[in-house]
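There are two complexes below, and they share chain A, which is joined by chain B in the first and by chain C in the second.
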Partner chain A sequence: MRKTKRIKSLKKSRFGYFFIAPYFIVFLIFGLYPIIYSFYTSFSKWDGFSPPVFIGLDNYQRLFTNLEFYHSILNTLIIWIVSIVPELIIALLLALILNERFVKGKHVFRAVFYFPNIVTAITIGVLVNLMFDWQTGSINKLLMALHITDHPINWFGHSFLAQIIISAVMCWQWFGVNMLIFTAGLQSIPRTLYEAAEVDGANRFQITMNITLPLLKPVILFTVITSIIGGMQIFEVPLVAGNASGDSTQTMMVYLYNTAFTRFQYGYASSISYGMFIIILIFSIISLLVSRSRKKNTQSV
Partner chain B sequence: MKRKGLSLFALLLVICLGLSGCSSSGSQSTSSDGSGKKQTLVVWTFFDQVKLLAKQFEKSHPNVDVQVKVFPGDQYKTKLQTALQTKTNVPDVFDLERGYISSFINTPFVADLSDMGGDKLVKDMVPYVADLGKDDDGHVKAVADSSSPIGLWYHRKAAKKWLGTDDPDKISAMINSWDKIITLGKKVYKESNGKVHLLDSTGSIYDMEKYQMQPWVKNNVFQIDSKWNDVLNTMRTVRQENVDAKLAGSSPGWGSALNNYDPAGKAIMFGVPSWATMDVDTKDGKADGQFGVAKAPVGSYDGGTYRAIYANTSKKKLAYEFVQFDASEKWQNYNLKNTGNMPSLLSVYDQNADSYTPPMYGDQKVLNMYKDISEQIPAAPAGKYTADINSTFGGIVTDMLNKGKSNQWAFDQLKEKVKESYPEFKFK
Partner chain C sequence: MQLNSQVKNKTKEQISENYRLKRMLVRGLIYLILIVGAAICLLPFYSMIISSTHSNTDISNKFLLLPGDQFIENYKRLIKIVPIWRGFLNSVFLTVVGTSVTLYFSAMTAYGFSKYDFKYSKVLFSCVLATLMIPGELSIIGFFRLMGNFHMLNTYWPLILPGIANAFGTFFLKQNCDQAVSSEIIESARMDGCGELKAFHRLVLPLLKPALATFGILAFIGQWNSFMLPVITLFDNNLQPLPVMVAMTRGQFGTDYGAQYVGIVISIVPIMLLFAFLSRKIMDGVSAGALKE
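Let's turn to the complex of A and B:
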């Protein structure tokens, strides 16, 4: 009886709302309002100077028939896949290794692997330009000094090479973050399970495959989903690194940026952002469904 | 009841605190009357050197406080556009870059300087500079204090070694056509055993020729000037004959080649605007006497910063005085001597022609050369689509050269891209 009374009195107190109000007010003004306004804008023609003119679904019709948009989706997917696969594998392997008792100086390694994420995208872009410059880049000079190639490679003159460079940079920039998330996941697995497996005579590989990885699945799923959301919005590094042959580094975000801030087509740019939202949503749902179906299969076995 | 009142007060406090961050600070004037108190003029720019202009203006207008706010990078135009659209926190005077000036000056947000006597300000300016600041109806909407002609900078030591002279006039005569440049470039490449190239990049040819062409869009119809065929052929020959060092303009490699004065360095000549001095390391007199400027086969320019007035500012008269000062001989003389920016007034070119010798050019009196180049540049309105389509085509042409494609391939690619970026155009 007393408990119910206390819960009721807690419910009645309105001060809690005031404490959380600043966040919600800021969110409503700077988060929700722009989202709703850009949705409205996506149905209009607007150059940012004159008032928006309602044009119905014209922007979406243009979006779905625009080859440049599809090209930007393909570029984004290629860059994302080429970066995310090695990124997650490296992050997982490093997390597993650094979780072992015999490794000394784990904290130093973790910090060092995280460092690339602190470097700003602008700096990385400039570094990439310096290293992969066609005529004067250090990578070409090294390759030529080692007689691997006779002529300098025009890295950004080849569509796929340019995409690989951007992917490699993304991988280098983000593997440390994912490694830390995996490490946190690994540390939450009870030690007793490992000890029981060791008592049963399992080797390190068997323990990893049968205990560590299955229990780490939710964390892996989390990183995959956040990587999808982040990966679909790749922006700074390709923008700073500059355009490559055949616009191969023009990701969806770069395309949106150019449309809005170079061509002043804010209405169409808004429809691109909603197109991106749908694509990210589809990929997120697919990854969720895949993980769920696997979970069901495991349970039924 | 008491609790309700307290709750209401707390809510109001939260809202006030939240909204205080969004309040407009505006361009407040300390006083706009003639009472002797200081007037404030707010100027927005992306260019740090405007502070120097403000200081000089304040010297001659002791009752004015010019507040210069510098927003570097791409965020500037977005910030300015937002301010104009929402009519909050709008500066009295703002800078516009050549790339997007047309989108701004054809809106009612920008004051018509012609109504205030602006035509007089640009009458004696380099014609191309004056025209870029005019709207589609030919009204003066923005004014520039400088011109930015492209010259072919050359390394003097390298020129002496490979061209036999470092005299600007002699070199200009040696390269007054693309054919001559190709012949000379082939010779340099051969004699240096493939180590030295005459030109930095085919991009320099593109940059010099792009403003010689008919506009991309006329009466909403997209067109490709047939002269592009010759230009692309020239660029292809330059590339095939190793006349250029394949240094992408403004890339780190290009920058290091520009600052490398070894006669056996990668390139001898660089197609750059007059303001490219900011790319040269002049510390400890390193660059003194290292450069000469020659005239390219065609006159061209790159970039340009224009000053405009907000149409609804309450300080239009003062803002106009500021723009007037910007366009004056007094300021442009000072600007030339202190920053090296080429003037927009032809009279300032003439006044300094015999005396202006910046250390990096040795004994060359560069103003005559730059004046000639500036006057050769065709005067034309900025064009809303020019910068974007020029940039798109530049990328396509680079691809064309790298992949060995035909001119028609480049034109088809451009048409496709423009169709997708600007579906409102008609295509022939």
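Let's turn to the complex of A and C:
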């Protein structure tokens, strides 16, 4: 009796393959194969119309000697760093504030802070482009109405200013998400810890510095690591908002897009995608190593 | 010591008076920060709606605070060149179909991993998790080329089919399936002669409903906002979803700001409405998704 039952369940367990089969078939065709196909394409010259020509490592040689590529890496890093630092600080601050018991309308504030993130990035880009237009944009009109400046500022005319605007927009668009993640982390800290600290006579500031932040550290590290991967792929906003400022807002992803889909150099674009991948990999590994060593330090203390 | 004695010398009333004042100040400051933050988040959208109701000369010469009466005029110029409602319908179609496909197959894969103990299931599930780490740009060119080989360019297939293999959805739903679906229920259904696929449809999908709703909203927003894939795989302007149409307004209305603003308004307002009704669910989904990773 027992034996037949076991055989029956063994038989059933093979149905598992049936349930996961669609996933793996589609993943192999539409996920894995294109990755390999990109790699294959990166060794050829292909404009999308005529048949690809095998050219060996030429694309990679061109990539490593191309200033435009290095420039796009630098642009991406600058935009990412200028946006991520204030973004995380603001997110953490707001998460802490909205975790206070006395604040009313928590949900409304959280919703408003998160709202910019669900709006299509490309739409935000077009909107930013219109609002920061130096002759007709509302930002300059506002600054002049408030007498902060007499002359309209040519926002996208200066390369660094243009990068700062893109960073500010990224920050504006993403701090709400990090705030929600921090909030979830804060809510998982047991109330009893705070109460014990209060009994011991600690004030709010001491509690935040000595209890909340150390306990929140893993969540903060998590957001930093995920934002590296996201930040290296900044695309939509610089694509539509930045064009006027020459190439200072050409991020790696925009460079890849332009190379492939406006200059039709698909082979070279494939080598850019692998170059990008290696850079993202390096940064992910660095951040993982840093978080590991941090963990060890805290454990030894 | 000195400080202590000073404090002791003060009457209790003074202390509480001081304390209350300080507390009020701090709270006032905190509310100020929150309100300024909220204003920064919302003002661009306010400015966008206001600008869409003004003529081009007003937009480029004045700082506008109040609505005007040019919305219809701007709208008329917009729809003459960009088929924005067609884009809207395309987006609705793609999002509804894409999200349904993603939800159904993610649940299916999740269920397979959660309730069947087959050979290599652990290894295969690790493969699913590993794909979460692969940045998307690696496959773009290969994907484009492959779709060309399949003659799928300029169709909706490349935008819908890959949704069957959604690593995050599979991961998220497997966690829920482990908890929400008990193996006994499946067993007893088998005893009653219920087939495996039928058990999945009749028992598992209903039990996963809350998780499907949470993930569904995230998938819906992701699909609605998708830009890169449609812009590279679709050539026919009439097939494009809304985000691509909005980007098109920028190229085609170089200086027609009013028309561009109307296009942006049409693309943002539906998301605003969705968010107004579902904000709690959406935000729960974001934090649940992030913490589970």
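As a working rule, the second predicted complex is superposed on the first by the 286 of 301 C-alpha atoms of A that agree within 3 Å, B and C clash if a C-alpha of one lies under 4 Å from a C-alpha of the other, contacts with A are read in each partner's own complex, and residues count from 1 in each chain.
Please note the rule applied: a residue touches a chain if its C-beta (ideal position, glycine included) is under 8 Å from a C-beta of that chain, and two chains touch if they have at least 3 such contacts.
The model shown is predicted, which means the values in this text are computed figures rather than measured ones.
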Q. Will chain C clash with chain B on chain A after the two structures are superposed, or do they fit?
A. clash
Q: Could you tell me if A:F261 is touching chain B, chain C, both of them or neither one (first, second, both, neither)?
A: both
Q: Figure out whether A:T136 sits in contact with chain B (first) or chain C (second), or with both, or with neither.
A: both
(Q) Applying the document's definition of touch, where does A:P190 land relative to chain B and chain C: first, second, both, or neither? (A) neither
Q.
Under the stated touch criterion, which partner chain does A:H107 make contact with: chain B (first), chain C (second), both, or neither?
A. second
(Q) Which partner chains sit in contact with A:F49 here, chain B, chain C, both or neither? Use first/second/both/neither. (A) first
Q.
Taking the superposition on A as described, I'd like to know which of chain B and chain C A:D247 touches: first, second, both or neither.
A. first
Q) After lining up the shared chain so the two structures overlap, which partner does A:F277 touch, if you call chain B first and chain C second: first, second, both or neither? A) second
Q. Of chain B and chain C, which one touches more residues of chain A?
A. C
(Q) Looking at A:R14, would you say it contacts chain B, chain C, both, or neither? Reply first, second, both or neither. (A) both
Q. Looking at the overlay, does A:P214 come into contact with chain B only (first), chain C only (second), both, or neither?
A. neither
Q. What is the shared patch of chain A, the residues that chain B and chain C both contact?
A. 14-15, 18, 22, 26, 29, 48, 126, 129-130, 133, 135-136, 261
Q: Within their complex, state which residues of chain A touch chain C.
A: 12-20, 22-24, 26-27, 29-31, 33-41, 46, 48, 90, 93-94, 97-98, 100, 102-103, 107, 109-116, 118-123, 125-127, 129-131, 133, 135-136, 138, 141-142, 144-145, 172, 176-177, 180-181, 183-185, 188, 219, 222-223, 226, 229, 232-233, 235-236, 240, 253, 256-257, 260-261, 266, 269-270, 273-274, 276-277, 280, 284
Q: Going by the contact rule at the top, pick out the chain C residues touching chain A in the complex.
A: 27, 30-31, 33-34, 37-38, 40-42, 44-45, 47-48, 51, 59-60, 62-64, 105, 108-109, 111-113, 115-118, 121, 124, 128, 131, 133-146, 148, 158, 161-162, 164-165, 170, 190, 196-197, 200, 221, 224-225, 227-228, 231-232, 242-244, 246-247, 249-250, 257, 260-261, 263-264, 267-268, 271-272, 275, 279-280, 282-283, 286-288, 290-291, 293
Q) Which bits of chain B are touching chain A when the two form their complex? A) 7, 10-11, 14-15, 17-18, 22, 74, 77-78, 81-82, 84-85, 100, 103-104, 107, 109, 245-248, 251-253, 256-257, 266, 388, 395, 398-399, 402-403, 416-417, 420-423
Q) Considering the complex alone, what residue numbers of chain A touch chain B? A) 14-15, 18, 21-22, 25-26, 29, 47-50, 62, 66-68, 126, 129-130, 133-137, 154, 157, 243, 245-247, 259, 261-264
